[in-house]
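Two complexes, one shared chain (chain A), two partners (chain B, chain C).
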Partner chain A sequence: MHEGPLLRLDRVTKRFGGAVAVDGVTASFDPGVIYGLIGPNGSGKTTLINLISGLYEVDAGTIVLGEHHLEKRLAHQMAALGIVRTFQMPKAFGSMTLVENLLLPVAGDHRRESLSNQRGRAGEVLQHTGLDHLADAPAASLSGGQTMLLQLARALMHEPVRLLLLDEPFAGVAPAIKERMMATIRRINQERGAAVLLVSHEMTTIRALCERIGVMNTGRWIAEGPLAEVAARPEVIEAYLGKPI
Partner chain B sequence: MGELLRSLRDQPLRTGLGAAVVVLLALLPLGLNGYQTQVVMLGYFWVILGISWNLLAGYTGQFSLAQHAFATIGSYASAAAVLALGLPVPGGIVVGALTAAVLGYGLGWVTLRLRGIYFAIGTWAFAESVRILLSVNYHITRGDAGLPVPFLFATPDPFPYYYVFFAVSMLALGLNAVVLRTKLGYRMRAIRDDQELAVASGVDVVKWKRVVFVISTALAGLGGGLYGHAIGLLSPNQAQFSQMAFVIIAVVLGGFRTLWGPVVGALLAQGLAEALRISQEWRFVVFAALVILVVRVYPPGIMGGLAMLAERLRGRPPRSPSVGTPVAETPIAERGGVP
Partner chain C sequence: MLDALSNPQILAQLTVVGLMLGALYALMAIGITFIASIMKLINWSMGEFYMIGSYVQYYLIVLLLGPGLWYLALPVSMLTVFAFGLVVQRGLLAPMFKYDEARRFEYATIVTIALSVLLQNAAIILAGPYQWSPQEYLPTRAFAGLSLNGSRLAGAIGAAVILALFYLFIRHTMVGLSFLGTAQNRLGAQTAGIRLGRVDMVAFGIGAALAAAAGALLAPVFLVYPTNGITSTVKGFEIIIIGGLGSLPGAVVAAFGLALVESFGSFLISPAYQDLYGFVFLIAFLLFRPQGLFGERERRV
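Showing the complex of A and B:
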């Protein structure tokens, strides 16, 4: 069994034209831990998730998951390694029903289970997330908040799940749905032993869910540690919080 | 397969209707004269092309404009196999389908990373090249004078041809129905809806687009091979853009992205073309007007409309009519391996 951190970032850098979106980020993440990631808008949080999930290629630096180097892998191979993500602008397969949306990860190239064998699980996940009454509705008919919830439900259908990347999953979500989403995040974390990297602006949810947090500012990784400790650092207060919390 | 049987059982009305249509089409020649049988038989050529294009453009969102060219490749490759290599006609038709598939694999390799309009232009340019090559190499193809090829059957009677075309059409329809319920079908629809999300779900988007392209071009090549040996005379005009336009018209009319749409649309369009035979110019004006009407008033087409009506009768909320939107655009990912 592999010991030590699950994910290691070493001087990861990404530029867009002249602008540096992610600037030499070095950080590591342990298995089974829920991390929060905060930082002002434009500080590079989404870009970092796009780099880890293989949607963007790094300009410099290395990303290592367990024993696998990820920099040169194609994005569809990340799912096989257990990297699962949601999108800040929530994505769904609009013309497909919710059940079909949940079955899609089972159609990933690395999966061996049959679709029909996983139908029961898809139904169970819909029930768990409270979307079961919409099972046969096309995903395009969902509200933004429901689509956010569907993204998390889809994560439950992935196999393996070692690292869950959540990009502002609570933005614009009604409180009732938010509760269900938090329950789902905890479930994935506990059932699968997955590490979670949760980008959010909501300190209350971060406090409720996250063991540790990281802070980004202008593409740099400026702090990491337990919430209370990190929040007390002057550079974090200056960059993000504005006032002590 | 099990999934297909399950859905056939769960929707007895649809299954019954489908079976009734199949039986009706099988019995149709009994009520037609030879000429009419010939007309409907050629309608099935458009059914086959329509199904092949709907798999690619409808379900996978890859708006190819070369379906007619792959049919033409099937026609000429089969002719070459029969005339030059002395293969029996059925063997030639298989060679025609395989040749189309191999060239489809090559064209897919080059064009499937392109998006939307660029993919369409790339495939269209390929189709034009096919037409021009066949036309200018007249010492081999006899160019626009046309290339006589042997018939599939020894008799000029259209009835056996009707049943061959009918059988291939129904097999293509059945294949389409099965594919939609397999993982391949899920991947196709996911690619159409959102390529980035498909990739994040572990789907190798480029690979599966290529697979669908090969299936689609093989089917078009098969249709083209059959067509050549049913008509007995090949022409580079088979690769004219108006032929592709007819495929699009048929599918849009019948129902883009629906299972039965290409069948209903192609047979209807063929009947209409026959009725308007007296005037070639009016034919296209009428077709153009029809397509504009369908796209403006009711994009899901005839079969899409029937499906929505059925949902409403069953008291379900209707599905969004957006299924008729021809080209799905998803944001461009930056990384090389992601299309």
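Showing the complex of A and C:
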């Protein structure tokens, strides 16, 4: 059963002053696939994520999820469509407990499910991510890595999740927590059938998680495909200044 | 005068007077700081919501319910101002938030200042420049050797009940949760699916209703007239500066602190300057702790 791509970007462009951060990106993403997104620093990866998730408005081009145009939508409308994201600087709600952090997406979408059911689900998700012993601790007490993990755990509470956008989620995270994060990403992908777009510099994690990768350089989308195939392309090697990736 | 404080009876009386008033100040301050924490907006028309609350309360009691049913007038007065707050937020403030990312809070703040002047003048035109007072809410009574002013006691009990309900709402309901999240991080909350437009509107209404409750409960004590909100605004701001802008616990602690300072100052120096003691207290306090009791640095995305 093939329903065509989940997300289509067509000549998406974003400028900051004179600088073009994202330059005419055309790409499409299938449902249920984990994509890696790599590229040198400043190549526009974060900006692209911010455009897809509605944090920035595009200057030109279109972003279409299924049949919905996304260019003019606000962040909460994106969430309602099933676009869920994490931030490079994790956004936990410090003075709220971990359970309260997980319940926030539920508070947002006015789900008709009892509070005790939702609390139960939050408890299960915390157990899955190994944070259950901290369920009633304020999120401010977590380490940076745990906060990243909490952001991912919160993604599991969203309904629906069609596209998960992850911007450098593993930066500075201890290996043990990284393992749990990867397990959680796989779970969101398999259980929810969500496509994932993962920005990361860590080729080992990309290799372990991603079916396909996209490469950006100076705002442009220069390659897309299975890792081995993409890594062999001359323009990709050139973007990385001849270093093999 | 100071040696009178060694008299436990006087000490207890001043403390109780301070605590009763403190609960009412807390109502006003929580309203201001709640709106500020959600919308990052200082609402300068808070005193006018207090004023409208006191008028609605007064007219309901005098024209409709009678003095015995003041406690029924209270929720009606709060609901009226809540609804008015929704309209003000949607009609006057939300449009300011649509454009110019950087300056919208300044624009919205100026709108609240203009609204404050407008409402004071509207009250003078509609109700006249007179001072009114409903009858005492409860008779003054003696308890354990203390003299308890009935209206202040009723006001303190009413304020305590409203604050308890507010706390339960914020901490133990899903809607309350979305307020907490928005107060901590607007963008993070929005990304989690919270509709900020709706949260802002309801939060503004709730804050306005809290001010109205203070006005309604204090109507027999501080009277009902077009500019009665000015003093309450000033005190509200003294409290949230002492408590730390955006901190709910800070607002409660500072409200009781201010009321106690006023109570003791009035006895030890002179009741004529009651409204001045808080100001002096504020200045003295800021010299030592400029960020306030529970002041938070602004959180950013």
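Basically, the second predicted complex is superposed on the first by the 234 of 245 C-alpha atoms of A that agree within 3 Å, B and C clash if a C-alpha of one lies under 4 Å from a C-alpha of the other, contacts with A are read in each partner's own complex, and residues count from 1 in each chain.
Please note the rule applied: a contact is a pair of C-beta atoms (placed from the backbone, for glycine too) under 8 Å apart; a residue touches a chain by one contact, two chains touch by 3 or more.
These figures come from a predicted structure and were not determined experimentally.
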item	value
Clash or fit (per the criteria above) of chain B with chain C on chain A	clash
Which superposed partner A:Ala60 touches (first chain B, second chain C, both, neither)	neither
Chain B versus chain C as contact partner of A:Ser95, first or second or both or neither	both
Chain B versus chain C as contact partner of A:Arg85, first or second or both or neither	both
Which of chain B and chain C A:Leu74 touches, first, second, both or neither	both
Contacts of A:Asp109 with chain B and chain C, given as first, second, both or neither	both
First (chain B), second (chain C), both or neither touched by A:Ala208	neither
First (chain B), second (chain C), both or neither touched by A:Ala232	neither
Superposition-derived comparison: chain B or chain C, residues of chain A touched	B
Which of chain B and chain C A:Ala19 touches, first, second, both or neither	neither
6-14, 150-158 or 312-320: stretch of chain B that collides with chain C	150-158
Those residues of chain A which chain B touches in one complex and chain C touches in the other	53, 55, 74-76, 78-80, 85, 87, 91-96, 100, 103-110, 115, 154, 158
Complex interface listing, chain A residues touching chain C	53, 55, 74-76, 78-80, 85, 87, 89, 91-96, 100, 103-110, 115, 154, 158
Parts of chain C lying in touch with chain A, wherever the complex brings them together	174-175, 177-178, 180-181, 184-185, 187-196, 299, 301
Parts of chain B lying in touch with chain A, wherever the complex brings them together	2-3, 6, 181-183, 186-187, 189-190, 192-194, 196-205, 207, 316-317, 319-320, 322-323, 333-338
Residue ranges of chain A in contact with chain B within the complex	53-57, 74-80, 84-85, 87, 91-96, 100, 103-111, 115-116, 136-138, 140-141, 154, 158
